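Shared chain: chain A. Partners: chain B in the first complex, chain C in the second.
Presenting the complex of A and B:
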């Protein structure tokens, strides 16, 4: 591996790879990617506990205000794709969790940590983003079964023949490859620029990657909300007059039968 | 010599993908600007769908980038 393409100049260029800390060569490797995921989860859970305490006590703290502003903006944004603000509120737990996790993990790669404990953006590995994409796919099927019923789900899966089944399987790949490609490409670009001109040149790229990290988080969750919105639209068309199973169907029937 | 061809292949992968994707993005952005200019009150809706459409087009360029990175980083180790 001495004659790699980027082995130019004096030093050898190294692509940014995660390093394994414990349990190497087992399926349960603890690398800095896994550590970064745990760190993000811990931070998100800590924020959730702090905000929850503030809400229960009725105090208006800065963290609570920031989070409420962000989540209100996101809810309005998703509402324009998912149909209504009520539906957006129904799926906010999924969408906002995905958004916060992706945002934090995109920004984690920008924090300059050097050495053995260096953090690695979890979304810079395909495994993480494919996991998120599969979660979105399963959530879509769950929503479809719940809102359309089993027969309606099969109909929804076959509304364009085999093409729509193929689409369901392509979705997690396109979602995950988009996110992974963006973050991995950014990190590689940063690595190349740091290799070529280590002093000032990376700073504008880091500023750009702050912007792109946020946009990618928005795009991932927006596409999720579009997928869910398509299912909800089918549900609204499928039984506008007779309530199918639970309260949701009766509610729709009542709204139409006024 | 093989390394030179690999470098050219990677450059073509990202180059052609970026060519197509940016052409499409330019057309979409021009149409969106036109729509906003004609109907400024619909700017919010247009912006939302523009961002989603742009991200879908950008995905194609990203696939080209991924292929290019794979060619550069994986292929020289294989031969």
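Presenting the complex of A and C:
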């Protein structure tokens, strides 16, 4: 057990820290955090495949209905920041994946993990949230280039001088620190409460964590949609003929990692 | 909880743990987690797009179109029904008016026919009556003439026998005529 021991009281208080399992000292270290991410991915992809099957068979299952309701709600929510439902639908793959990933990740931390280091909320690590922040930043730049053109993108970057470039680089940090701080704090609080009173006391905190986990997922994706909305607004001013009402479907889905 | 305090506590804890001194907890992002997160998220994005959003949002869009189409069709159907209702109502009104006209016409025709038939009957009856009277009159006149003839010849025969006297035809005729005239007076 390489979990760090904090010297509180009898020395039994655990804060689970990442434990590298493979490829140590390389940029591709596989820790229990990465493993937890894979677990979440596996669950989400399994749900996606079940839903896909339901859609192909034309059946309305509970899982499908739940996800339809959720996606519809999220689309309506993001539409109020992006400008229109059509635009929101264009960015739904990015926003909904962020939402689901962060939500499941946050909830993974609520499951009592005493002694099971594998079940570690990935969003409780800054590395994870910064990775997501970087994805959002790249996605924003991609959308800006796509909708404003290369020159438009440079203009967009410089519209407040160096300050706006700084802003672009600050965003992933502000996004990631907010999420990481909340979830890490929550986990720590839970760990402290579990340490002090293991049986009943953690339950209300877990209930609150359910709420906060969802709120943090909404906050992260809402800020992302506000950033994208800013770019789209810029694009609408630059090219009044297209922009807001262009529904490019899934282009943005492949905006990152390339 | 203050992260600095946490770090401090952690460092103390590590020191207290003794021989297998674990490194102090590093709250800063490690390259491995960051890089894996970007890779994992990209894969997840692709997979969810392929298996979740594309089919589900596609199905939602299709359903929206279907609902819109159904609403449009329902609206059109209602308008069509309204149009047909108005048309049928006017047709029914026309039919009723025509029926009424036909009845009126038929009644009129029947009345006319009745009057005509009555008139014809009256005229014919009068004609027949007149004819009958004429025939009766004629028959009566004829009968009287024949009777006269008969009576005249009888009288001549009787007179000839009684007086046994040969009279010439002219004398006979004169006598007979006188006789008949006398008979006619009675």
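Here, the second predicted complex is superposed on the first by the 216 of 258 C-alpha atoms of A that agree within 3 Å, B and C clash if a C-alpha of one lies under 4 Å from a C-alpha of the other, contacts with A are read in each partner's own complex, and residues count from 1 in each chain.
Simple rule for what comes next: contacts are C-beta pairs under 8 Å (C-beta built on N, C-alpha and C of every residue); 3 or more make two chains touch, one makes a residue touch a chain.
Just so it is clear, the structure is predicted and the values come from calculations on it, not from any experiment.
Judged by the touch definition given at the top, the superposed model places A:92 against chain C, while chain B stays out of reach. When both complexes are overlaid on chain A, the residue A:21 reaches neither chain B nor chain C.
Legend: residue contacts after superposition of the two complexes on their common chain; A:128 is shown touching chain C, with no touch to chain B.
Judged by the touch definition given at the top, the superposed model places A:188 against both chain B and chain C. Touch criterion not met for A:107: it reaches neither chain B nor chain C.
In the superposition on chain A, A:71 makes contact with chain C only, while chain B stays out of contact range. In the superposition on chain A, contact is made by A:80 with chain B only, not with chain C.
Put chain B and chain C next to each other and count what each touches on chain A; the higher total goes to C. Once the two complexes are laid over each other on the shared chain, residue contacts for A:33 go to chain C alone; chain B is not touched. Comparing which residues of chain A touch chain B with which touch chain C, the overlap comprises 4-6, 15, 184-185, 188.
Residue ranges of chain B in contact with chain A, taken from their complex: 3, 6-7, 10, 44-45, 48, 51-52, 55, 58-59, 62-63, 65-66, 69, 72-73, 76-77.
Chain A makes touch with chain B in their complex at residues 1, 3-6, 15, 77, 80-81, 174, 177-178, 180-182, 184-185, 188, 215, 218-219, 222-223, 226.
By the touch criterion given at the top, residues 2, 4-8, 11, 15, 17-18, 20, 23, 26-31, 33-34, 37-38, 41, 44-45, 47-49, 51-52, 55-56, 64, 67-68, 71-72, 89, 92-94, 96-98, 100-101, 122, 125-128, 130-132, 134-135, 176, 184-185, 188-189, 192, 250, 253-254, 256-257 of chain A touch chain C in their complex.
Residues 1, 6, 9-10, 12-14, 16-17, 22, 24-60 of chain C are the ones touching chain A in the complex.
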